[in-house]
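Worksheet: one structure, shown below.
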């Protein structure tokens, strides 16, 4: 089931200018699409719109069409939409419900809300915990975990709803290197198992690892798109306010000094 | 659907919730259903007001507070906490009655013009016993019941999941705000805000601390709301519960018996033929 | 004379009895650019909070510009050590950018044209020039972080401490932070930054201090701290040297913590 955005624009309630303009995007099954751009380029807005939270929950005006396999998203109330598109946010702590004494109950929160049969709630919860590799944390208190662990719990909580697509808005922005590694590896693993993900990240190195395709936003519009190694090596990235991956920067610096070559390439690939 | 196989392959059938969820309490009393314990506490508290004489409240304290507390193993903590809870009101009620009981004749001792009477002492002890019964009943419930268990039990009996959520989550709000306020205070002090000086200086410090606490809490509520919606929170109707405190016929009978007993006591008192 | 001296510093939090600092000795000179790295819980935040008196030593001593910090109040130390916290939303309270930036200097007792000039300079260097009347919450999160930085810069303290200044920043924001660090150091002021962006650390600071479990385990220039010999220590605390260091090592170029050093090594 492909998530399709055509000519999508969005303006927050009370804002004078739109935050998104004329965006086309496809998120097919089993793909990881990376989205990046400078601050205020529309990345978070894109996530809110793609997941249905905007305009449903936060108001505002939307233009264009968002559909899932041809059917408009409008058709679904939020609690049904959340079973098709899951959205994760930057701040790990605010995604914890605060009413779950254990990680297990936290991840089960979604399926419980959907009034699924108890056995199914339990099965889905274990499956989601294992998909993220955190079944060992099942009995821990979610409020006492590290930021990275909380992000994994949040993503597991989304997976338990069995969505077709995951939309992750800068999941590692507030994490330390250990947390970033944890989440990055989990995303890679999910992607490898066929989960479809739209991931927004400033960290180009991370996108290079997990995304097959990258879209760059600027001023609310799509400025660049294409296969990830092409886009991330594009010289225009810098003027669009995005830092290229470390390997690209080293290669570029070497090239402008007239050095480099195969040895460097081999070392970069490591 | 792509990704499904990742979620189903790894999961063998027939597993259960982790054992720490709904872990039974350390004693049989702890393990009673929260509604049962709440009924006991309420009936005891009301009976403590209604029942006559000095013997009544004392027996009540012994039977409905001390005995269960011993069985539950919380006696020491209960005594400490119940005394703390009742202390101000108990002390003032005791002293007022000891010295100023209307109609007191037999003098025990006096301090200056203030006289302590035997009748006053009798009444003061009675009041004290009643207050201790109420305080003890409440404390016993508090010490043997987890708030989350009570909320789950109510939800199982029909309270809306959204109301239950608010009840559970509210407990977290105050510590979270206190934590936020202390971080904000640190940041403002680092910019020279004087929190150790004169009163006037400290008053000026209110806005730079309260402002971000409120603004930040509001912003956080927005984020939390979105995260909840993303997990089906707004779906109307009941939801599946993983676990609820067990209940049985014996306990529900006992609850009814307690309530009827209380009604009988009240009727007897009003009609004049109970002590 | 050293700007900051920390001697045998131990800090045990009364809540929970955690020994967050286990005997730290440190001397930082005037005008040094120092990065403080280590995983969460290593003691970095605890250490810097001793520099402006928010925390007091359990044992040991902290000396700021020749005076014992324990003899000074936080408000007094704020004129010598400016600390920018990680979360701007746990600080910003004013209705305008200008009022927010004026808060610090006013608390230090300054007024008039000196404050105006300091505020203007701070806003310019953080890219907020022209936003004086904007409500801080109309700025995006990353610009609010720069606002928090500006509000402490305007205090013109001899020592500036930054807690995770580049977290959540885009490329332009990171560049701005870097230019702020360089401008401040060029004035002879000391900069200490806690960061987990290894690239930013290697390219901006002349001294890197690595902490683990309440102690300093490495202290030196980036070329020392990111050299191969130190990788085991770094990895023991879940830190990874920048890619440039690893690439330079594979190419046999010695220690190359920055892109420029790799290029220099290849050109040699």
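So that you can tell them apart, the chains are marked A, B and C in the order they are listed, and the count of residues begins at 1 in each.
We take it that contacts are C-beta pairs under 8 Å (C-beta built on N, C-alpha and C of every residue); 3 or more make two chains touch, one makes a residue touch a chain.
Note that the coordinates shown come from a computational prediction; the quantities given were computed from them, not determined experimentally.
What pair of chains has the most C-beta pairs in contact?
Among the chain pairs, A-B has the highest number of C-beta contacts.
Quick one: point me to the chain whose Cα centre is farthest from that of chain C.
Relative to chain C, the chain with the farthest C-alpha centre is B.
Let me have the rounded angstrom distance from the C-alpha centre of chain B over to the C-alpha centre of chain C, please.
46
Please compute the C-alpha centroid of chain A, do the same for chain C, then give the distance between them in whole Å.
Roughly 30 Å separates the two chain centres.
Would you give the residues of chain C that are in contact with at least 2 other chains, written as numbers and ranges?
none
Flag every residue of chain C that touches chain B in the complex, lowest number first.
Within the complex, chain C contacts chain B at residues 49, 52, 54, 73-75, 78-79, 82-83, 85, 87, 89-93, 103-104, 107-108, 137, 151-152, 155.
Flag every residue of chain C that touches chain A in the complex, lowest number first.
39-40, 140-143, 167-174, 196, 198-199, 238-240, 242-244, 246-247, 250-251, 259-260, 262-263, 266-267
Under the definition above, what is the set of chain B residues touching chain C in their complex?
So the residues of chain B touching chain C come out as 180, 183-184, 186-197, 207-209, 211-212, 215-216, 219.
Can you tell me which positions in chain A touch chain B when the two form their complex?
1, 29-30, 48, 51, 53, 57-58, 77-79, 82-83, 86-87, 89, 91, 94-95, 97-99, 101-102, 104-105, 108-118, 121-124, 126-128, 130-131, 138-139, 154, 157-159, 161-162, 164, 190, 193-196
Give the list of chain A residues in touch with chain C in this complex.
By the definition above, chain A touches chain C via 37-40, 90, 146, 173-174, 176-178, 181, 202, 238, 241-243, 246-247, 249-250, 253-254, 257-260, 263-264, 266-268, 270.
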